[in-house]
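Next come two complexes built around chain A: one with chain B, the other with chain C.
Coming up: the complex of A and B.
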């Protein structure tokens, strides 16, 4: 039976994982992710989930174990954050090329000196080139639902790629919200047992992850690049099927909010979308024609979807919660690529770095820059909002 | 209903985060929408912590920290001395304060409807630990009827029972009921000046390069090495160590374990406690093999 629970983003991830019945869970704890792995350990201990729980000696080892497990053809899960993801970096490049549909939940936390534990996307954005699909969640319900969707997408024979689901450290990972937990039978019928593309089996020997010469590498990379593009229709299709089965729809690669007749629009990602919705509602009630585009996937990147959504806007802003030093925010760079030649003025809006509180006023400030931009005024390419000191 | 917003002020270890989560769960049990989340700097027992909760009939989108609460929850009275606790309390809003004092004796900084409860005594009595969150939850139900006491007790059973076992769930649920019964209603005083903490918030131009802070003074406060000496962690705890020199064998285990470094060795080997920095964790008393250290409650309920 479906049940309603008060769950944090982390607990919602753990419930989602339990319902998907992964068989191997190598792991290493790190704030703010630890609660996920603790909750999963509880599920296993209580007999609610039958899985091999392997405490690893590092995140590098955890990902290595996940690769080994997935190569034997079992559904595999692991989770990390920030420095842990950085330590996995070397091994992250293996599953995409070897085509292992591992699910990794990354709880976004700022990386590097300053040792913050709060949200910033510089951990996962740095892995956008690794070949993992990458999605960002807005609330606890979406976290749970996306865990289920993620396995379905990743294991689809037309895709077979690893999936990184990202949630904002603390602002989502530690926020309790109302979550509807689906029934086990419903999830079982939505997500059948994993049928691997290739599988290590002593009775039918095969080599996976062989070393190749330059004669093969280039084709392998091209194949992977094409494969990621192939995932795009599958993501929309799975969202439709999910809506039919569970009654909740997320929009696939992007979602839009009040974009019907919007003259200016902002692209947001993660939990920032929630507060931005409030800003849009308030501005709309003042008669301003503003709208939102919620970027749900960073990989595959929704170039076409964004082009379509902003066709009629006069100015577009992009919210970024990380900075590629001296190279704008990573989301902005992608969006500007998508809209190259469109003539729509696009600006980057960096805010919420290191978990700084994002206020409704912060988003209104972004829209006021867009107003100026729409009226043909020259504005900065990139504005840092909430920064102390003149830019 | 309109959106109901709550801000909790507590100290690391008192359970402010769990209190916010539990009140959200209670509202969800009643079929409402709710949201609860924490904010803190260091993950450190005794350090000031904030937590927030929102309750509404509709989906809650706003994820900003609550700046204008309908209800203010003060889990540790000593925070009134160091934090602008009452800042932004909505007109007509109410405060719930953990205190042995009557509401009329509490100076919150704003005149407001107030419920006081000696949650620390209830917690020590019923739970044998100064974890006041579940008692405070009972007082919250007394202060306003945004959620029912029964829903709070059910939420406590769910959350605490699941984590710590059914008995712990029942004990905590009874602590909430006891606090509900023992709460005192009234109006608090508004004599205190609500001041922002003296925080050094440099512009990006003033931020020292290299994440390096030299020993210096900014706006009358020390920053960099030695600045912790201004942080009088002695106001954090509910009890202080009482040291009996005659029982002490000078093994110095207490000196080794004190997380705040407030135990000093004198030349004669005896120990001196600098209680200005003692946050009352009681580790010294726990490791003492000769019971030469005892923890004694301080403040109004001592």
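Coming up: the complex of A and C.
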């Protein structure tokens, strides 16, 4: 029976995982992710989830265990954040290339000096080239629902790629929200049993991931690139099927808000979307034709969907919660690539770095830059919003 | 009662097949071929970055293993085999899962994942094939490289000649945790070798096999000297053969008398630069190890290191 619970984003992830019945769960604690593995440990020790829970000696080992387990053909889950994801970095390149549909939940947290534990996307954005699908959730319900969708997408024989589901540290991971928890039978019928294409099995021996010379490695990488493209229609399809089964639709690669007649628009990601929606409503009530595009997937990247959504806008802004130092925000770079030659002025808006609070006013400030941009005024390519004093 | 396994009655079916690309005289190939014969076809092999990955795992589309094989990185053998075993266990498949790593992949970069697997007492076999340097990348020193040895990162310079530190006592590290079984093996003592592999195969829990595997290319030795080197390592005390079951250590082969280390050193180019002083330092280190290994009840050593005479069994006078 469906139930309604008050869950943090982390607890929602854990409930989603329980409903998907992974067989092996290697894990290692790190703030702000730890609650996920604590909750899963409770599920297992209370007999609510039957899975192998392997406490690893590091995140590098956790991902290595996930690779070993998934290679035998069982559904596998692991989770981390920030420094932990960075420690996994080496191993993240293996599952895409050997087609292991592991689900990794990454709770976004800033990376590097300063010991920041608050939300920023530079941990996951740095892994966008690894070949993992990458989605960002806005609220706890979406976290739970996307865990279920993620396995369905990742294990689809047309895709067979690992999936990284990202949620904002603290703002989402530790905030309690109303969440509808689906029924186990419903999830069982939505998510078929994992049928691996290839697996380690002494009855049908196979070598997986031996050395590949330049004579073949380029084709392998090309196939991976094509495979990621194949995931695009599957993501939309799974969202449709999910809506039919559970009554909630997320829009696939992107979601749009009040874009029909929008003259200026902002692309947002993660929980910031909720705040930006309020800014859009307030500006709309003042008669300003503004709209919002919620970027749900960073990989595969929704180039065509964005082109279609913005074809009538006069100026487009991109919110980035991470920075490629001396470059731009990674989302901006992708969006500008998508719209190359469109003539639409595009600006980058860096904000919320290191977990700095994002206010409705912050997004209104971004829209005021877009107003200037739409009126033909030359504005800076990249603006940092919310800096202290004059920098 | 069944006879113990020996080299005559051991299984002869190969699972590291002919055509693999090891160098002539490679100790790793000899060790792994025989281990795989004993473990049999119901086995899955993980190999991290190493010579064995290249010559055994192979280069696509060729592989010398005819059992399931996986590779993923260098430092994670203990972790990946834990994951493979968990995956099989969930499917009710009783498969022998083995990780085979070199000394670099075990003593150095892989030590953390190895210690994790040992602490969890994972039901897997971990084999360290020890050729005492990073041979796959062209002979750089590792935590296993013995005192005085030349490697490309402990070169024989005008001022400093060869490695200054001693070989890490890996078995002590591994057996400091409650694991099912640990043993040292030599390819010059094959009956002992096959019995230890078979014993490991039939136990549950974490099993660790440490094999000394001479390397003609990195040790600058003649490929035909591989057996002699493995043998002389044991006779001089540079290697010793024992097993640890439930924390109890048993010597499985005891040399009649300690041979001077020079008899081992002279077979290899990597030690040919060593001064008499350095040879004496190495000999003193061996004497301490020898006494600790073969006469554990003797009182602590006293007096000058020069007094540690070899030629007897090393226990006299202490």
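Here is the rule we use: the second predicted complex is superposed on the first by the 388 of 391 C-alpha atoms of A that agree within 3 Å, B and C clash if a C-alpha of one lies under 4 Å from a C-alpha of the other, contacts with A are read in each partner's own complex, and residues count from 1 in each chain.
By definition in this document, a residue touches a chain if its C-beta (ideal position, glycine included) is under 8 Å from a C-beta of that chain, and two chains touch if they have at least 3 such contacts.
Here the structure is a predicted model, which means the values were calculated and not measured.
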Exercise. Following superposition onto chain A, is the placement of chain B relative to chain C best described as a clash or a fit?
Worked result: fit
Exercise. Touching A:55 in the superposition: chain B (first), chain C (second), both, neither?
Worked result: second
Exercise. Is A:216 contacted by the first partner chain B, the second partner chain C, both or neither?
Worked result: second
Problem set entry | Superposed model, angle subtended at chain A by chain C and chain B (C-alpha, nearest 10 degrees) | 90
For this session: Quick one: name whichever of chain B and chain C touches more residues of chain A.
Result: C
Exercise. Touch check for A:68: first (chain B), second (chain C), both, or neither?
Worked result: second
For this session: Answer with first, second, both or neither: which of chain B and chain C does A:24 touch in the superposed model?
Result: second
Exercise. Taking the superposition as given, does A:277 touch the first partner, chain B, the second, chain C, both, or neither?
Worked result: first
For this session: For A:202, decide between first (touching chain B), second (touching chain C), both and neither.
Result: second
Exercise. Measuring by CA atoms in the overlay, how small does the chain B-chain C distance get, in Å?
Worked result: 27
Exercise. In the complex formed with chain A, which residues of chain B make contact?
Worked result: 17, 20-21, 24-25, 28-29, 33-39, 43, 60-65, 155, 158, 201-206, 211
Seminar exercise, completed: Residue set of chain C touching chain A in the complex reads 41-44, 46, 53-54, 57-61, 63, 65-73, 75-76, 78-91, 93, 95, 112-113, 115-116, 119-120
Problem set entry | Parts of chain A lying in touch with chain C, wherever the complex brings them together | 23-24, 26, 51-52, 54-58, 60-62, 64-74, 76, 90-91, 94, 200-202, 205-213, 216
Seminar exercise, completed: chain B partner, complex, touching residues on chain A are 4-6, 8, 31, 113-114, 117, 170-171, 174-178, 271, 274-275, 277-278, 357-360, 387-390
